[in-house]
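For clarity, chains are labelled A, B, C and D in written order, and residue numbers in each chain start from 1.
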Amino acid sequence: MDIQQHAREIGLGLDLFSCIQCGKCTGGCPVSMTTVLNVRSLVYGALIGDIAGPIHEEALWDCTCCFTCVERCPKDVRPAEVIIALRSLLVEEGKVPSTIGNALMGIFRQGNPLGYAREDRIAWMDGLEVKSAQEGCETLLFTCCSSAYDIRAQAATKALVRVLQAAGVDLGHLGTEETCCGNEVRRVGEMGLFEMLVEEGKPLLEEVGVARMVTTSPHCMNTFRHEYQLGMDVLHYTQALARLLEEGRLNMTGRVEKVVTYHDPCFLGKQNGIFDEPREVLKAIPGVKFVEMDRIRDRSLCCEGGGGRMWFEGTNTEGRLAFQRVQEAADTGAEILAVACPFCMAMLDDAVKVKGLSERLRVMDIAELVAMAL
Amino acid sequence: MSDNGFEPKIVAFLCNWCTYTGADLAGTSRIQYPPNVRIIRLMCTGSVDPTYVLKALLDGADGVLVGGCHPGDCHYQSGNYKARRRIIALKEILKQAGLEEDRVWLRWISASEGQRFADTVSQMTQYLKEKGPNPMKKEWAV
Amino acid sequence: MKPRIGVYICHCGTNVAATVDVEAVTEFAATLPGVVIARHYTYMCSEPGQALIKEDARTLGLNRVVVASCSPRMHEPTFRAASHEGGVNPYQVEMANIREQCSWVHPDRHEATDKAKALVYAAVMKAAHLEPLEEREAPVTPGALVIGGGVAGLVAALDIADAGFPVHLVERSDRLGGRVAELNRTFPDLEPVAEWLPALVDQVRRHPNITVYLNSRVTDITGFVGNFEARVGPIEAGLAPAQIQVGAIVIATGYNVFDPRLKPEFGYGIYPQVVTTLELEQRLSSGDLTVNGKTPKEVVFIKCVGSRDQQLGRPYCSRVCCMISAKQAQLVRQALPDARVTVFYMDVRTFGKRGEEFYDEARRAGVRYRRGNVSEIYRRGERVVVRVEDTLLARTVEHEADLVVLAVGMEPRPEAADIAALLKLPRSADGFLLEAHPKLRPVDTAVDGVFLAGCCQGPKDIPDTVAQAKAAAASALIPLMRGVVPMEAATAVVDPELCAGCGMCVEICPYSAPALDPLWGVSRVNAVLCKGCGACAVTCPSKAIRLQHFTPDQILAQVEALVGW
Amino acid sequence: MRARIPVENQDMLAALRGFLQRLLETEVVEAVLVPMETPSGAVTPALVADPALLDAADPLAPVLGLNAARAVGPVTIREPRGRIAAVLRPCEYRALIELVKLQQTSLEDLVTVVVDCPGTYTVPDYQKMRANGGVDRSALLAGMRTGDLASQAGYAFRDACQICENFAAVAGDVRIEFFGADLSEGIPVVLADELAGRLGLEAAPEDGRRAEAVDRITRSRIQARDAVFAEMRGRLEKEGVEGVFAACVRCHNCMTACPICYCKTCLFKSPVMEHEPIQYMAWARRKGAYRLPADTMLFHLTRLNHMVLSCIGCGLCTDACPADLPVGRVFRTVGQQLQAVFEYVPGRSVEEPLPLITFREDEWLEMGEER
């Protein structure tokens, strides 16, 4: 197969020669126990230019791009990039799972993976006054496609806008010009589309001329920070809320008398080191009793929503990590599992229903909890 | 090219630990280069007095090569950094005083860079051949 | 004295003579000012060649010798010695490099001969200006300073003291013995530390030549090989510091163990089941291996914690963890015969004497070695789960354990940086103190008279530490036993009549060799500190300070010869 | 603090003398180094310990025969010494700062009194002016007020003064400011609060016209300076330094007059530069002819190399040259370029290290690495 021919190029291009095959990558890979994907083997295959043994094409799509393998590698190798490079080859050959293909098409045509109409991107604003960023604002709010279109996520988006406005933030939004950030596009290996999104998105964002952008999703924040080279401060909304708290601008007069635990999103925590701000915000909500799960921060468990997995079930639909995760949350005695990412919201909300935990546990966005306390 | 059989004279001030040894290596490796360069061994480029360079130029040397250890490699910790400033100052003075600063070359050449030493001498010889003789060679009133 | 110069052109077999017309060069040399005799010979470095120089020097009354042959980096010492035997000052010998920088690189006979003449001309001109120099010596203060009271410091101090010299041993903590005192038994013999360390400490404490300073640190060091002055300050404030004079210094400041909190994936500090190898030593000493009141059934060792890790800036192997793990795994097997003991490793490096055998013994004792670098630890009930890919199975496993031991690596002590700053000692990128040469001078440092022992130079086990301590002691004894240290002859000197006291030479010298005399306001060079780089001489506009053997008149004479020829 | 030195009867000189006398009487200092008029009418620096003799002090005499920074050196260089005040022009103060870095003088126990300078005349011109009706000081003071400075009819300011853009007192323990000052309420002075207290001076508001006057003169001086630089560069390019200095008689007067040239014995007067008789023959044969004394251009180029970075532009070298060579102009022209390369301003601050005894590892990284 073609992948075999390209393996050597991948090995050279990603400078895999530091790899000592210690297995730390695969040992930490959240899906390595449920699928045949073994990232260490792939690195080895790419390194020696013989990938025929370890490759299992469909399993390549199991990777959630949580980057635990990258964060843990003692030799500064970036194992996940091998998977992305191999996906890229599959994309070029058109060997993409149909659901992922549809998502990419939706982004290409309508600027969102759900394929909804571009005009409907601001439907969530119904009942809110949000300024057009193009007319000038202090802070640009960037809504993830999920935050804009997904009904459950929309509620969190609305709550966030109410909270930010209550704190006096001069907020603007790109309106229907807002387009998918492409974080997952790059990670499923569609490099051409990703480059196009950057080429079109970067001038749009920069022309607004704001010093600060706040994203609803850690995924958008990640690509804007590391792959767009924007001349602005890109914050996740939990960071923005923590700052507002510190400046005394966020006043919560209500109470949320609940036991709350928190799930670290991989793109916020492991990949960008933002562990404390979400916790600070939750602990500041009057009435909240905050409890921790065992696997948190650097050792958090992935929800399996990243890296294109929002659009692809995976080769093992039984042993979902989200099922484990909601059980762990329920075991802490928490009534609310707080999240800070629309993908985590979708995956965990679903898992609560499947595991029959709806009576005991609710999945809520941090912004929703703060809004309840306004 | 204005060769005309003109053979430039290059005086080289080389540090003992790097470039002089590099020149020795060019020798033991039998790497040929033009005989136009004549070497004066000093312990360190930090001891190359600009007055020596001026003297050579005013006497009529067609070129002066100062060779030392690469930055960070000085046997005496920092002699090459000091030399760098002095040569920069000297070249600026030469330029301002209407003398030809491009006759003075500073090069970092390590003990293992025999080839680089030979290449440098070849380049400099060729450059000076094209540039022509130092006018000071005939100037008696200096 | 009017120059009487002998010039000797070497054929170097055919190396020079095949390309350079040695006879023509010799004839030319004979015409140069001051030249009394010019000869050429097949091999000047041979016995008869050297005899020629000696003989001429005596019979013709030579006071300068010029040898045109190979690079001075090759045979300058040879010809200096030969000339000296003939009564010529060794510093009035000059060489013209007509082999490496002439015959070997310029094939044209005419060109090579012409250049050889120029080089000989310049050498003769310089020789005429050369001054006689004296190789002098400075007396040495008998005594050594040993910094650090661990095994390395103890052994080094004992050896120097046994050789009859006073030793000042400075230790930060309130006891001697260092890290080894925290250990239970040592590999590969499983000998209890208690059987030999207290005796070593006692020997040091009772030694009449050793003064021990506990709770103390070195706050200042000045001087140079043979004559260092150090200030030893008590860490507790209020006590008076001691000022001590020594001829040599041994640094034995040891190491710190890696703090595994910097690898958060292991949950160290969160789970009581997770301990370090150093903590297990203490548990083995006390005999209490229980966790949460229960005897462990599953014990896991994790290797390379804080070693071989680029992310943490600790790319090096700590060299002892594989043996420590093998040792502790065996001891755990002995203590808990019912427990399963598993070691997760990236590579097993049990090198050295009895190393591989010790690894064999560990496996034969029932220790299971599984290849895989543990990625994560989390809780499951009363146990913890070690999540790791067994790379030989290519399968990720969740290995439940009651006790997890992290084989933590070594890292430089922060105090070593202070000592390095005091003495201007270089450190390698990993922060350990740097030896002068990795092969030939492994216990020396860039500063003469300062030596390294033990883990301050890099991770090592006890036998290597002791070997290095004994080597450092022996090296430190060289200046102490000689009683004198040689001084560079070609140092800078100041003409006080010319010196205006501007202090620029003081500013520019990296070795603090020149200093302004407070009484006379002129610069003076401490010849022992001067390394002869000559940076000072360039700085001085009136050339009141000059580097001997490379003086302006000597170099300008060379310039004139080379341009003039 | 800003204060005013009281003036009576419009007599500025008397006011300044009074100020200096106050320094002595209040025991701020034990002596004052100040330009004094000798009984025969010459002006020279002198160290004055007797307040009564300060009646001959003339800090406003527009003449510069030597750079007083050189005179400060011997009286401050080491302990024991007296506490003194030194009255200096800005160029003298800058030379002093350079000499501090070269450890030829010390700021310890020294009160520097820096006076705004309208420009000075050479010693011969000044003597001639005195003999022919005197120097019109009120015209100079008026010019300093308005920024409309002109030299006296029939005379020109010294060559260096005509292109001097650093004529205003901007540093020193005491700054005496004439530029832009209307002087009716006294002479503006800037000094430390503590010193003002000891001298009994009270705070006074700023005039506000100083910047305007200084700016005006600066602009015209820079214009003149740049014209000189352009002309000098043209000459150096065309004739080379050997052409510009062709008429040098090797008297070394430039070196003697230079306040920065601090060597006890110049390298070019030392045995290093003595040659064997046959060496001269070799040169003469090689070039056909050989200029004597030898090494004349080497002398000038080496002097440039040794001290052009510290050249503060007082121009005394030019005045000292018997062959009327534009020594100062060459030094200033070359100096401007070189000082810019090292971002060095001579005389600005003792904190700025001399460029050639310091270095940074991360500078000129491409230098020497050419392939």
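The rule is simple: a residue touches a chain if its C-beta (ideal position, glycine included) is under 8 Å from a C-beta of that chain, and two chains touch if they have at least 3 such contacts.
Keep in mind the model is a prediction, meaning the values are calculated, not measured.
Chemist: Tell me which has more C-beta contacts between its two chains, C-D or B-D.
Modeler: The greater number of contacts lies at B-D.
Chemist: Please work out the Cα centroid separation of chain A and chain C, and write it as a whole number of Å.
Modeler: Here chain A and chain C have centroids separated by 51 Å.
Chemist: Using mean C-alpha positions as chain centres, tell me how far chain B is from chain D in Å, no decimals.
Modeler: 38
Chemist: Taking the mean of the CA coordinates per chain, how far is chain B from chain C in Å?
Modeler: 34
Chemist: Do you know which chain C residues sit against two or more other chains?
Modeler: 508, 552, 556, 560, 564
Chemist: Which positions in chain B are in touch with at least two other chains?
Modeler: Within chain B, the residues that touch at least two other chains are 50-51, 55, 60, 78, 82, 86.
Chemist: By residue number and range, which residues of chain D touch two or more other chains?
Modeler: 267, 286, 356-358
Chemist: Which two-chain combinations touch?
Modeler: All chain pairs meeting the touch criterion are A-C, B-C, B-D, C-D.
Chemist: Which of the residues in chain A come into contact with chain C in the complex?
Modeler: 18, 20-29, 32-33, 38, 40-41, 68, 72-76, 294-295, 297-299
Chemist: In the complex, go through chain D and note every residue touching chain B.
Modeler: So the residues of chain D in touch with chain B come to 233, 236-243, 246, 267, 286-291, 295-298, 301-302, 304-305, 308-309, 330, 333-334, 337-338, 341-342, 355-361, 363-365, 367-371.
Chemist: Can you list the residues on chain C that touch chain B in the complex?
Modeler: These residues of chain C touch chain B: 71-73, 97, 99-102, 104-108, 111-112, 114-115, 118-119, 122, 490, 508, 510, 531-535, 537-538, 547, 550, 552, 555-556, 558-560, 562-564.
Chemist: Tell me, which parts of chain B touch chain D in their complex?
Modeler: Going through chain B, the ones touching chain D are 50-51, 54-55, 58, 60, 68, 70-72, 78, 80-82, 84-90, 92-93, 95-99, 106-108, 116, 119, 137-142.
Chemist: Which chain C residues qualify as touching chain A in the complex?
Modeler: Residues 264-265, 267, 304, 308-311, 346-347, 371-379, 387-391, 394, 396, 398 of chain C touch chain A in their complex.
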